[in-house]
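Chain naming follows the written order as A, B, C and D, and within any one chain the residues start at number 1.
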Amino acid sequence: MLKIAICGGSGYTGIELLRILAGHPDARVTAITSEKSAGKRLTALFPHLHKYQDLLFEPLNKEKLLDKADIFFLALPHGASQEAVNFFFRNGKKVIDLSADFRLRDPGTYKDWYGLAHDFVPTLKRTVYGLPEMYRNRIRKARLIANPGCYPTSAILGLLPAIKGGLVDLSSIVIDSKSGTSGAGRKADIAVSFCEVNEGFKAYGIGTHRHTPEIEQELSFLAGENITVDFTPHLLPLDRGILTTIYAKLTKKTDTVSVLNVYKKKYGNEPFVKVLEEGVYPNIKNVRGTNFCQLGVKVNTRTNTLVIVSAIDNLVKGASGQAVHNMNIMTGIEEEKGLTNLALFP
Amino acid sequence: MLKIAICGGSGYTGIELLRILAGHPDARVTAITSEKSAGKRLTALFPHLHKYQDLLFEPLNKEKLLDKADIFFLALPHGASQEAVNFFFRNGKKVIDLSADFRLRDPGTYKDWYGLAHDFVPTLKRTVYGLPEMYRNRIRKARLIANPGCYPTSAILGLLPAIKGGLVDLSSIVIDSKSGTSGAGRKADIAVSFCEVNEGFKAYGIGTHRHTPEIEQELSFLAGENITVDFTPHLLPLDRGILTTIYAKLTKKTDTVSVLNVYKKKYGNEPFVKVLEEGVYPNIKNVRGTNFCQLGVKVNTRTNTLVIVSAIDNLVKGASGQAVHNMNIMTGIEEEKGLTNLALFP
Amino acid sequence: MLKIAICGGSGYTGIELLRILAGHPDARVTAITSEKSAGKRLTALFPHLHKYQDLLFEPLNKEKLLDKADIFFLALPHGASQEAVNFFFRNGKKVIDLSADFRLRDPGTYKDWYGLAHDFVPTLKRTVYGLPEMYRNRIRKARLIANPGCYPTSAILGLLPAIKGGLVDLSSIVIDSKSGTSGAGRKADIAVSFCEVNEGFKAYGIGTHRHTPEIEQELSFLAGENITVDFTPHLLPLDRGILTTIYAKLTKKTDTVSVLNVYKKKYGNEPFVKVLEEGVYPNIKNVRGTNFCQLGVKVNTRTNTLVIVSAIDNLVKGASGQAVHNMNIMTGIEEEKGLTNLALFP
Amino acid sequence: MLKIAICGGSGYTGIELLRILAGHPDARVTAITSEKSAGKRLTALFPHLHKYQDLLFEPLNKEKLLDKADIFFLALPHGASQEAVNFFFRNGKKVIDLSADFRLRDPGTYKDWYGLAHDFVPTLKRTVYGLPEMYRNRIRKARLIANPGCYPTSAILGLLPAIKGGLVDLSSIVIDSKSGTSGAGRKADIAVSFCEVNEGFKAYGIGTHRHTPEIEQELSFLAGENITVDFTPHLLPLDRGILTTIYAKLTKKTDTVSVLNVYKKKYGNEPFVKVLEEGVYPNIKNVRGTNFCQLGVKVNTRTNTLVIVSAIDNLVKGASGQAVHNMNIMTGIEEEKGLTNLALFP
């Protein structure tokens, strides 16, 4: 039985880890931290998590935590994660970091987009980017995982087979993403209050969202050359889910069925990626509460464009579910354990 | 491994049974019927149910189905269920009927409220009303379960300890229920179209809803005398969940803590009923996707009224989850199996 | 052309006043205050209010404001309103206060429920409770209006004809209200964040909500004796609207049509109250964005109970629209001016 | 006072015309048709339209209708509109057709995308495409207006200044649109039922939506050469509104402020187009219930791409409001009459 600590447990990714791990047969949460809720029972804040009757929030005291767990999930804000990650890693623990602090391999890029210096470059160099469909073998041997961002997960899974297969013009990639409101985190902020979000829809951070360099890093790695992309996030008036619509010019004439075959070949053995049939497209509702990614593609022969649609639950495949998947891979547990739930529909 | 057949599998309670049973270690769905989708693959209609790759909808041919399963769940429309229930029951199968056809013990009452004659009164007499918190021992020995309606489940669980304990004036009971839209079923109907329901809220069927006699039957049984109640259902602009607010005059002075103690004593060992602390009230969001019922109570000393609030997921505890709970009890399986999921929050 | 000042203009009732008054032919907003947005252009915060290009938020400097307007609408927090109301009133202005500070005639009751002393009792005594359907003649001559609360508006309009007509047992009144989230105000608070409210529904403040004494005050006045009621508010996952379901035992046998006739007689000439036909019930969606109140009634002969359903838009008839209605009455303008919009449906 | 007939009045565009015209000082609805509701009072179906107490649905009897009105709004299904439009036009009436039947100038294109022959080509040739920002002068003299589709309105208004100004590479245009559910019409269809749409989000008709040729026709006209575009519609879980995000490669280096100046110059005198400041982007919520279009732009210098965001209410600026705007222009009424409402926010 793996002992799990969750640092930063009162946000949506933290409580989603608790939900998922409650159904994992081989893992047990032994500690959970929250500075502002320290000393309170978890169930006082979240009565629906009644399986964790005995769990109390504690402050993030790294030394005290060290012996309480084998695996450390960090769901701390960007910047705040660096030091804790380094500490647990340097003390021999397995660490899965859900922040952005260890996702960008180049500290200069991290500084450019997050405005922070990276103080632990040697540790950064030992980090594996935790997208199993790209790095499964490296994850198996890793002790430190940078769990991918939600938008990058949806975009990279959508483009991976197309870029690997040389299907698209790398200078033409447009990534138009729409995310549910939980992606903004759990916070007191008028901008995410019900009455401002409900019955609304907007773009934000056009061309400037911090997930842009993360997407570009991985797509460039796949392509073997530097890629820049147009990435626009939008805010959906629903709780969970990201749907990403991707456009790229095709390098040669082809059709939808041929492209689908490339996708099915790449993802045929992947437990959590589902390539849909021709004419069927993903719906956020079909992946809600699950670790699955639905993919659909369409070749527009009038414009010679490949259109790819990708849907995930941002809190599961885009965060806590993928983190548990990484844990399973790192520890040799069967990959699907704890992650088999089907979508809550409706 | 129990073999399960689901008759009427393309509605919300049918696909919810499929979702729940996909996570049940001791059960396997071997047949599913739908007249209008007969011949189609389940996953062609519902791609999110990808665990059932091989399942095809078939027409409801009772003789052919008989050997395919040990347990028959019937999720057919009211009236259409009578004959099939009788058939499978008379042929020795265990049957759990999610329609209203076998819920009312008195065929006259059934005729008054549903406008239909009951053609299988001897079978009706052998039916057990499947509310485990009331009839667990009888369910254990039953072969035919009338699975409770969604509104009755929320109302009866809310009132059971108060009536058993003699706390309330039986002539003063007001039951004000609010249900998510999945309670109306899966159908093509302008009245449940998105644009008519969204951002709306209304009462309907005031004093005339068919769940009224079902509620009254069970409350009268608990009280040992005939009770009539005011029951008003409302339509909430959300997918799942019922919240029922109940008012009844107290028979004597008391306070919230004393009443909570009565409730905790009654439900302390119940796996699926959670009595909340003083000042904490249920939220539909806390039970979404789960088989749990949250209960909160408040004594209003200014008016000498007991106010009880009850929340369930109408498709789980109010339908398919309770059906699986009944199956577990009938077959001697551990009660919680397949039903341990915590709420999807947010 | 009436000159209007709005004190506390950055909340939902303030911006709703701006929306309504933009369509009022005889009124012009000349000043708007907000402490935290002082100095900013209104359109910088709310680009959709583009008709007010020249309006700047200013701090609430009472002396400076005095000459800028004829009518003062105060949309300040409870407690903060007392002094400003008194000042503008004592300086000869017409004042419409949307806070609760002048609604309760008894300063002791105000203290009990709001925890505040009332420092301006002589002014309080000259206040008229601004429910036109009850106090039209007094409003005509008033210079200070306490604009009714949203829940009280829906509850009192629902009960007025029944109590006046002696139809109901005054000790049996249950008021079960459901409000959209804008009723909680515009604020940074996790409890009203999208992901906590959406797909949820809950009761709150059972028996303790501050609108209780306001409802009781007016119902007692109508009845000529002291009444206490059970009042439970609930939070709906939608922007606007209150639907209130009211239960009371009938004093004698009657039927729905007879009660409807009492209601139609009372409200037949009211411009903003619409009594629906037998079997038709109100829907929040039918009054959204309007100053109309829809009423439906049902006599439950099985239980001898009158059930009344009332729907309003909490920000219009429940706040800013009713305030403009009061302004029209106080200034001799045609009552419906600026308030004729039909519901935005869907 | 203009006399108005609405043919096909029970759908969302029909009842939206009724809502808007109820606030128009110079117009009066004298007839409304619906085949399936013929003989019923309008208010029996839509109690919220209580201003139209005397209006009855009648069948579409063209000869009988002819003398009842000066202006005919047709909100009929595509295909069904052709003959009626031709009849009223040939009999000297002013006609505004909200269907697609007269939008495409080339009958061959109409046949390709709608699968129907066009039987009234001479009438088609006399039709003006009713986008006032493009064709105001022609609309002034027109007697037959093809009212633009909702998606095309949002896309064309977004691209017009960029194409006219030669700012963008015409072969690179990507139009990613997201529409509220009322765009699908008022109908009994599981696909638009609440539980299927709510908490979901999906793309549909990728590359094949019938608004594609309409968009291409007008953009080609603006460009002076044939353009094809990638157009993907998506379904939003909200009632009203379209937000369109447009991507196109820039023809030369520029910046956001320079492009905004081009947009402000073009739209500075337009009553219903609002160009937002740098860094501010449209939100569907800011235009809800209004005839306004909000536009925002961003130059992404990393990718040399112009990103344009456009928001309208699909039922107002995208349908019935634009139709009334066209009526005002055709009849010499002040353009803004009946269309001055600000957004319902929240």
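Everything below uses one rule, namely that contacts are C-beta pairs under 8 Å (C-beta built on N, C-alpha and C of every residue); 3 or more make two chains touch, one makes a residue touch a chain.
Since the structure is predicted, the reported quantities are computational estimates derived from the model, not experimental observations.
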item: Required steps from subunit B to subunit C (each step between touching chains, minimum); value: 1
item: Longest centre-to-centre distance from subunit A, chain (CA-based); value: C
item: Chain pair with the higher count of C-beta pairs in contact (C-D, A-C); value: C-D
item: For subunit A paired with subunit C, centre-to-centre distance based on mean C-alpha positions, whole Å; value: 45
item: Separation of subunit C from subunit D, taking each centre as the mean of its C-alpha atoms, in whole Å; value: 36
item: Interface hub residues of subunit C, defined as touching at least two other chains; value: 12, 182, 195-196, 198-199, 237-240, 285-286, 288, 346
item: Subunit C residues touching subunit B - in the complex, by the definition given at the top; value: 172, 174, 176, 178, 195-196, 198-204, 206-207, 228-230, 232, 234, 236-241, 243, 245, 247, 281-286, 288, 296, 298, 300, 302-303, 305, 307, 309, 311, 346
item: Residues on subunit B engaged by subunit D in the complex (per definition of touch); value: 12, 181-182, 186-190, 192-199, 237-239
item: Residues of subunit B defined as touching subunit A within the complex; value: 12, 15, 18-19, 22-23, 46-51, 182, 199, 239-240, 274, 276, 280, 285-290, 292, 294, 340-346
